[in-house]
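Okay, got some structures for you below.
Heads up, the next two complexes both have chain A, just with different partners, chain B and then chain C.
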Partner chain A sequence: MALFDVSGYKSHSELRGQIIGTGVGHFIDRPNQQFSVPVGVDPSGFLKSCSREGGVSIDLNHGTTTLAFTFRHGVIVAVDSRASAGSYIASKEANKVIEINPYLLGTMSGSAADCQYWERLLAKECRLYKLRNKQRISVSAASKLLCNMMLGYRGMGLSMGSMIVGWDNKGPGLYYVDDNATRLSGRMFSTGCGSSYAYGVIDSGYREDMTVEEAYELGRRGITHATHRDAYSGGVVNLYHMQEDGWIKVCKEDVSELIHRYRKGMF
Partner chain B sequence: AKMFTQVYGDNGKMKEYHYTGPVEHRFSPYSFNGGTVLAVAGEDFAIVASDTRLSEGYSIHSRDSPKCYKLTNTTVIGCSGFHGDCLTLTKIIDARLKMYKHSNNKSMTSGAIAAMLSTILYGRRFFPYYVYNIIGGLDEEGKGAVYSFDPVGSYQRDTYKAGGSASAMLQPLLDNQIGFKNMEGVQHLPLNQEKAVQLVKDVFISAAERDVYTGDALRICIVTKEGIKEETVPLRKD
Partner chain C sequence: MEYLIGIQGQDFVLVAADNVAAHSIVKMKQDQDKMFKLSDKILLLCVGEAGDTVQFAEYIQKNIQLYKMRNGYELSPTAAANFTRKNLADYLRSRTPYHVNLLLAGFDETDGPGLYYMDHLSALAKAPFAAHGHGAYLTLSILDRYYRPDLTRDEAVDLLKKCIEELNHRFILNLPSFSVRLIDKDGTHDLEKLIPVGSK
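Then we have the complex of A and B:
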């Protein structure tokens, strides 16, 4: 029946085939669903063309500042928490860091739905890797998995800028992955519309031999100043520290209070 | 098809008017049918409320078309936006709920329904359902839970959320009255069921005053461990 097909349910025989195995080894599980596409139109421009006709305005949750940098004592990850839909602030406390496992974190910027969906899928793949290979996936491999997912849908209008942060056998790892399937390893990245402001702050304050407290403060400042100047960033700063024995959540502070504290010293 | 031209351009300035020649009007698969939905989570209850007006352009199609749909004994969903997609989406959710019940011999929890809806919506990432969803219900511990979505499936758990045409008017009011935000020196009293229901009624009356697409009547669904109670309250019909 039409409803049965479109509801995305997998019939029993299909499920059995997956559990028992069809004899072909696959390293990546195909997602359980096909994506419906509008007929005869370019998918990336379709939504924009529908908007504003007869009051229709489909605004998706967007916008951010996120940053991450490595230093002597691990990796610092800091994100804001504003989700905007057009000019409306859809959420002030969006969660933009996905905790894949105790040794892996993923950040989200760009379209909220794209980031949530693909990074949850990445978390599933990382778990399957661990079950199949009896060891944790490396940061390099995890970021490559995400990058290849993006490559499959290149040009279709996905919007995702993410940093995969972890600690594996090779030490602390930081990779930047985006919707063009760009994948870069580095020591400092910032993504989102507020990234330029964050780069200015962390570039000027960064030293490889910072203490842990100085690094926390640098991450906080980067996000705070970016939210101060970028309209699409705001809310609270969520700060994580990736250490050798896993990540810890350091703090969650409101940016208005932080900017007040910083400005007191300024003027 | 609309007969007036858009006077203001995207940047807010008035557009220069001049005759551009024949304009091609493509078929739009979407239409905006209005309506506002709201959900509040309490300590041991959840409230999902919606108005019952169905409009299109300058016309009202129906004054009795509520936007809350009961999914299970502990979960209600409110859907506003394009009515065609709301109907199809709720049919698909009902079908998936039945299949889950038959395979797993238990009802889906509110959190599971929310996660499932996220993947259903994302399956149409390139041709979205034009629906703003809010799920209200009780979680496994019996506490109230509200999950709010965007049209392509991004979601998070909230304490209260407004969606639909008057959402931008109602959300700041809820931030203030339920979240005690943006005011100082106020005692944070916990929200009990009677106060919450009264607040929802007042908030919708305000919405009906200022939003043309909201009005006619208000349908409130109160979810508690005893079950789901429905209440209907009249609103402005103009």
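Then we have the complex of A and C:
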């Protein structure tokens, strides 16, 4: 800006530095956000001491199954709804899909607080992008933004495994992003402690040329069978379908009812 | 778990990397490209801790491109390798070191082909052939036995195939496919993906 220097404008960090003085803490500087972390504090070490090995029991919510896969008619996203704190079920109807905008969805697994906070921040960044550029953000860029947020807090004990699903100019998009800043583009992912069970079902039942109904059924099956085997997943299946003109919420069905329906082939 | 290999010939460098991106016991992606193009004639192959690999490789990639924009000419493979090593070394004793193992392959107008081996402790060595990963324990002796400095392109690809067949035969993990690239005076060429017999 032309008169930036002349105007005498001082940024927030400069003012704070003047008032409090430097050397008090090191700032994790982000253009819109600052978290001051006191010198000498080690967040991930602290978290380790709070886990069961440390004697105390603050168990982060890792129990989840989420899955997403692309096929001819778009992307299917299916998640369970159990939020567990150790062996206690904190909620049976947690919402693990964040609707960023009508063309972008984000799933959550890992620590509920981390997922909700960072994906909401991502939603804000996507909205700002649209306002600044008059164009919706691409799925690739949105996932890269989230990945870079995770990178800023590398080694500090964040826990998040998320899939960013959307439809942009390049077609349907599916990206996996997690707390150690891994970002993978692919056609099928599953996250959470029930993910291995879900992979088994969706891998064996997947065909690229499935009909829409078959794809819905595959998504439901994946979550249901995972919740059957995994103690930390359960509740209801929330199923979304990402189409060219946006996402639709397909259904919300109780897992115990679904498993009874499938019983005939199982036992 | 991951595997990188490089073989230098008289006027080319042949490199290959596996295509699996894994998370504990699950293969999350089976067509992951672990080679990063630093310039027309320089490739960086990168394996290691999740997240660190892509972040570090992209950081180096963008800095090499920035150098070209600022100065009008590209860094040579030797300079690029030393730059990469310096960055690794700078982060090594920080709070967040990059745990990555690298191979840098390039072709220089004056010096010819070059293959550089770098590891997570920021060691740097120029070598005629090199490998990273558990697979290296099985294949380095094959390279020792059959490598000659005057290998032709076809002979180098055959040597590479020998190494990959050995992995398929003895390595406990299944690595179904490998990306292969060749760098010579005409630039970087993508060769056919190598799929060991018996893999899908």
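A few points about this structure:
The working rule: the second predicted complex is superposed on the first by the 209 of 267 C-alpha atoms of A that agree within 3 Å, B and C clash if a C-alpha of one lies under 4 Å from a C-alpha of the other, contacts with A are read in each partner's own complex, and residues count from 1 in each chain.
We take it that contacts are C-beta pairs under 8 Å (C-beta built on N, C-alpha and C of every residue); 3 or more make two chains touch, one makes a residue touch a chain.
Just so it is clear, the model here is predicted, and its values are computed rather than measured.
In the superposed pair of complexes, A:40 makes contact with neither chain B nor chain C.
By the touch criterion defined above, A:157 lies against chain B but remains apart from chain C after alignment on the C-alpha atoms of chain A. Contacts of A:189 after superposition: chain C is touched, whereas chain B is not reached.
Chain A is touched at more residues by one of its partners, and among chain B and chain C that partner is B.
Common to the chain B and chain C contact sets on chain A is no residue at all. Residue ranges of chain B in contact with chain A, taken from their complex: 2, 6, 26, 28-32, 56-57, 82, 91-92, 95-96, 99, 118-128, 130, 148, 150-156, 158, 167-168. Contact residues of chain A toward chain C in the complex are 150-151, 154-155, 176, 178, 180-184, 186, 189, 195-196, 199. The residues of chain C lying in touch with chain A in their complex are 21, 23, 25-26, 28-29, 32, 49-52, 54-55, 95-96.
If you check the complex, the residues on chain A that touch chain B are 3-4, 6-9, 33-38, 43, 46-47, 49-50, 52-61, 83, 85, 88, 90-91, 93-95, 111-117, 156-158.
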